[in-house]
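Okay, so subunit A shows up in both of these, paired with subunit B first and subunit C after.
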Partner chain A sequence: MRATLTIALKEFRGYFIAPMAYVVVLFFLGVSGLIFVLTMAMPQAATNHYRGVMQSMVFITLMMAPVLTMSLLALERGRGTLELLMTRPVSDWSIVLGKYLAAVMIYTGLLIVTLLYPLLMSVGGEVEWGTILSGYVGMFCAGLAFMGIGLFGSAITADQIAAALSAFFILLFFWIMGFVAQSVPSGLGDVLNHLSFIEGYLEFAKGVIDLKNVVYFLSLAGFFVFLAERVVESRRSV
Partner chain B sequence: MIEAAGLTKFYGTHPAIQDVSFRVSEGEVVAFLGPNGAGKSTTMRILTGYMPATEGTARIAGFDVTEESLEARRHVGYMPEHIALYPEMRVTEYLLYCGKLEALETKKLFERLEYVLEACSLQERADSIIATLSLGYRQRVGLAQALLHDPAVLILDEPTIGLDPIQIVEVRGLVKKLAGKHTILLSTHILPEAQQSCERVLIMNHGRIIAEGAPDKLTTQVRQAESYRVRVARPSSEVADRLRQVPDVLNVQSGPDGAYGVDTRIGSDPRAELSRTVVQMGWSLLEISPLELTLEDVFQALTMRKESAA
Partner chain C sequence: MSDNRPKKGPEREISDPRLRKQELEVAPLLRTTQIVIWLGLGLLLLALAWWGIGRRLTWAPVIIGGLGVLGVAFWLALNLPALRRAAGTRSAKMVLNSVGFIIFVAGILVCINVIVARHHPKLDLTKGRIYTLASQTRDFLKGLPADVELVAFLPQGDVYSANARELVKLYSAASPRVRVTWADYTNVTLAKKYDVKYPGTVVVQAGDKQEKITEVTEQHLTSAIMSVTTEEKLAVYFLTNHGEASISGGDNGISQIKNDLANQQYEVKELELAKMQEPAVPEDCSVLAIIGAQIHPAPQEMAAIEKYLENHGKLLIALAAPPAPDFASLLSSRGVTPLAGIVIDPQSSFMGDATAPMVAPEASGSPVLEGVDQLVLPICRALEVAGGTPPPTMPGQPPPQGPATALVSSSAASWLQPNLSAGTKEPENAQKGPFAMAASIDESPPPPPQMPGQPPAQVPETDATRIVVLGSSTALNDNLVRLFRFNANVALNSIAWLSRNTRMVSIPPKTEEMHQLLLTNTQKNFIIFVVMFFIPLAVIIAGTLVWWTRRR
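Let's turn to the complex of A and B:
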């Protein structure tokens, strides 16, 4: 547990040394801020509209997650520092979870900063905090899943670009399934719809925290973190 | 302290090491000697718990490196070949990170930090960013992190590779200083290095241990004769014949520039007699020096003996 935190804190600090994290943070806050300002410029801006902003933020997170996570394991493998890390009295789980935690910490920080937007809105008008809270729970859960997929991408290769692209394709796959679902027979369509991010997230945005959707995102996160750990462990015996 | 029994490791179908067994007792300094690709690093990676062996078992301080990997790793300080560090970190920051991963108590950690910075002569660069360090300093940081948690066993993979002669002497000195406090297994492909810093050597070739013993014993075991190089200013056809008549001389071969290779009986030192002969004959002695056995000689002798025995 202590090792996990040590690794998480080191990675977290590392984010502020590498330029990439700044680019990602600027991208996230810049684009979401822009969308917020544009949305608020519309007449009678209200919670309804902020729902749209939150949906855009989920999409931005989807694009950002592979970049935020690509270095976590791939860079250590590429540089060769993984060898020393893996000969410390630290389990592979601690390594993988520590890395994952660092990405989640950054993402959580970003989400907290964006809470400024609804706060700004509340100055000028009524805000339905319930809906906003539900939307943020949804964004957080979706982020957990996205970072998990990103971490997996980073585990399977020593090349950061390849890591980011792999993660991005997996994310895109889950995203697209929602669209595919509409053009296939309803039985299969339902299955695909349940597997897609969109269905899960839309309900959060409507203000409904359905346990089913929380479980969906969390199990997706758990599954990919688990896969990442398996990959790290299996690389030992190659 | 280190026990390896029948270690075998396959990369795909290629055996990197085969049936490697040896023991290192507490406080011993042992060198793995062998050419590149002999399987030294593979063996070390198994001992440090980085990867499992395909077959065989290994124990560090009594803990099995695969079954009780975390316990075994706690007792090992490891310096991999071509040490890879985090370039963006500062030396102290990196060492503190390593110490925390080794689960050192804060007070102990700072005590050890001070000790390793001094032992590895790193005080002046303690606050430097690792990316700005020269190779020699990085190597020292590598040694410092291996020592940090005061491990019972130190495994050093080619600790002097890429260093300049002065740094090599420093690292050897440090290893000598650490001997006794730690059990040390280091690898090298330089014979004199093994001879100077180790009590015992394990010679590896093609993934197998082909010989082991004290360095002096091993060289005498391999050596069939003492060899000297004699160089004279005025070589003539009689030189070789005349030198052959000196007592204890077994063979003389003439080389270019008035140099002669003189093989003499084991344990004999006929240098005085040789030089007297050269001077008396008026050939003018320029040089007379013992020829050191090189790693190539050892391998040649050992592999040839293996083949003739088979």
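Let's turn to the complex of A and C:
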């Protein structure tokens, strides 16, 4: 556990040394801020419309997650430092979880900053904090899954761009599942709907925390972190 | 430096000429098997795509898929020895081990997801709990007397069906006696079996009873379940032939309320007392409704109604504006006297029209007003309710209700306009409000007072005369009810209370409350500054500082 935290903190600090993290943070806050301001400026704007902003933020996270996570393992592999790290008395799980936690910490920090939006909005109208809380729980859960997929993308290749692209395609696959579900038979459609990020998040945005969706995002996160660990472990065996 | 290691695979040299000949003979066959595997996989994909696009498993994709499976099986059969050899190597074993482990973990996760998806608790954090079933529905489902099947013809892909599907799922989660079958509307056999003509229909069935609903709302779904699980239907008679609002619709019609009643499994009928040789209210009448009579019923008809009321009859009466009859002979002796004039309320009115008072019901706890937040009562007669103020009671006891109770009243700024043609100008000697605009009469004996320290006495429910009086019949007409659903709820609640059919109370639709965002220009500019400049600038400065420090 200590090793995991040490790696997580080292990675977290590493994020702020490289310029890429600033670019990603700026992209996330800039685009979500712009959507928030435009929503607020709409005629007949209502605080309920923040739901749309939260949905947009999930999509921005989908684009941001591969970039945020691409260097986690791919950079180590590219530099050849992963093998060096493996010679240390730390388990593969500690390495993988530590790196994953660092990405999650950055994402959580971003979410906390965006909480300023509904706070500012409450000046001009009643805000349904229950719905906001539900939306943020959903964004956090979805973020955990996105970062997990990003980490897996980073584990399978030594090239950062290839890592980001692989993660992005996996994320996109789960994203479009909801659209595919509409054109297939009912039973299969239900399964695809359950696998879709959109369907999973919409309930949260509505203000309903459904255990089914929480479990879905957490299992997806857990599964891809597990896959990343398997990839790292396979390199140790080679 | 030459490579002395033996070559593997196709590059391997075969020294034995017999074996070389044999390999030359089987080479085309091997190439064919390569084609077969790709062809097989292609056919399988084609079958899947066919099934997906056609949305139905017909013979064509089954045959194509079958050929695909045969192709793959043929390749496997020919390459089995090679596959066995490959599987025996150390690295292959490791890969298989790893793949097995991954499949095992994935299987566990799938199982967890399937279990949770079947019994998933939800936490509804919306303000009005708009994604949770109403307490009436939940209570009813808890004591559901029979197993119910909901056959849902709700296609994927549109918002209405998505919401309806969610609603249907809430019912199955609320009671183990409710089972849901998701039906494909394009399946003609199934659609014919249930006689479903439109997508978006839900068939509710229990035993041999069946109801179809095309407007999938909580109210309709609960009513339909009540219908198929309840044995008897209660009859509601609407008096006609005196210019009353028609249950068939048309100008000032009340077809919406008639439909709602039918949905709640009441038997709705018209009553033509004037055409009867010996006018009498039918024995099966659970509730008699007189909505907006324009001319006075004949004395024989009035006698029949009075006789019906004396025999513990139930009456819903909505009065039309003067000079229409006020039915004082029926009501005054029971504590409600219609006054000669209509209520003008400039303080609280619908869309600024003072002749259409908009009132919030008093917290009377009356079941007639359950789930009713506001009422619009256009061109409303004022009512005088005897004993409107409850008598003093024993300390700590609820006030005993008199037979007549005012349900809603106008504001203190209202006045009585004797003649509507005078407009909304207040006459000099106008009678000032507040006025009762709706009242209920219950001639049931009051329960005995509860003695301190004693449990409340159990009083058997006795049958007695009950009346609900609405000062405005316009309040129930189709145009207003479509705009203002609460008005219909009052009528439905009234009929439920009158007929003592407490399970059939109306369920008000749950809609999201919009919270308007009202910002001054300064506030707006401040928010834009913080969100678009301050936060991004802070990130840029931090990044630049780190870059600068590291550069040095």
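Quick note on the criterion: the second predicted complex is superposed on the first by the 236 of 238 C-alpha atoms of A that agree within 3 Å, B and C clash if a C-alpha of one lies under 4 Å from a C-alpha of the other, contacts with A are read in each partner's own complex, and residues count from 1 in each chain.
The rule is simple: contacts are C-beta pairs under 8 Å (C-beta built on N, C-alpha and C of every residue); 3 or more make two chains touch, one makes a residue touch a chain.
Keep in mind the model is a prediction, meaning the values are calculated, not measured.
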Clash-or-fit label for the pair subunit B, subunit C on subunit A: fit
Inter-centroid angle subunit B-subunit A-subunit C after superposition on A [Cα, multiple of 10°]: 160
Which of subunit B and subunit C A:Ser91 touches, first, second, both or neither: first
Touched partner set for A:Glu83, first subunit B, second subunit C, both or neither: first
Partner chain(s) touched by A:Ile7 [first = subunit B, second = subunit C, both, neither]: first
Subunit B versus subunit C as contact partner of A:Thr108, first or second or both or neither: neither
Partner chain(s) touched by A:Ser234 [first = subunit B, second = subunit C, both, neither]: second
Contacts of A:Ile17 with subunit B and subunit C, given as first, second, both or neither: both
Contacts of A:Val208 with subunit B and subunit C, given as first, second, both or neither: second
Larger contact residue set on subunit A - subunit B or subunit C: C
Shortest CA-CA distance in Å separating subunit B from subunit C in the superposed model: 8
Common interface positions of subunit A, toward subunit B and toward subunit C: 17, 237
In the complex, subunit C residues that touch subunit A: 51-53, 55-57, 94, 98, 101-102, 105-106, 109, 112-113, 116-117, 120-127, 130-131, 156-157, 182-184, 512, 514-519, 523-524, 527-528, 530-532, 535-536, 539-540, 542-543, 546-547, 550
Touching residues on subunit A, where the partner in the complex is subunit B: 2-3, 6-7, 10, 14, 17-18, 79-81, 83-91, 236-238
Footprint of subunit A on subunit B - complex, ascending: 11, 45, 48-52, 70-71, 73-74, 76, 78, 80, 82-88, 97-98, 100-103, 145
Touching residues (chain side subunit A, partner subunit C) in the complex: 16-17, 19, 22, 25-26, 29-30, 33-34, 36-37, 40-41, 44-49, 113, 116-117, 120-121, 123-128, 130-131, 133-134, 181-190, 193-194, 206-212, 215-216, 219, 222-223, 226-227, 230, 233-234, 237
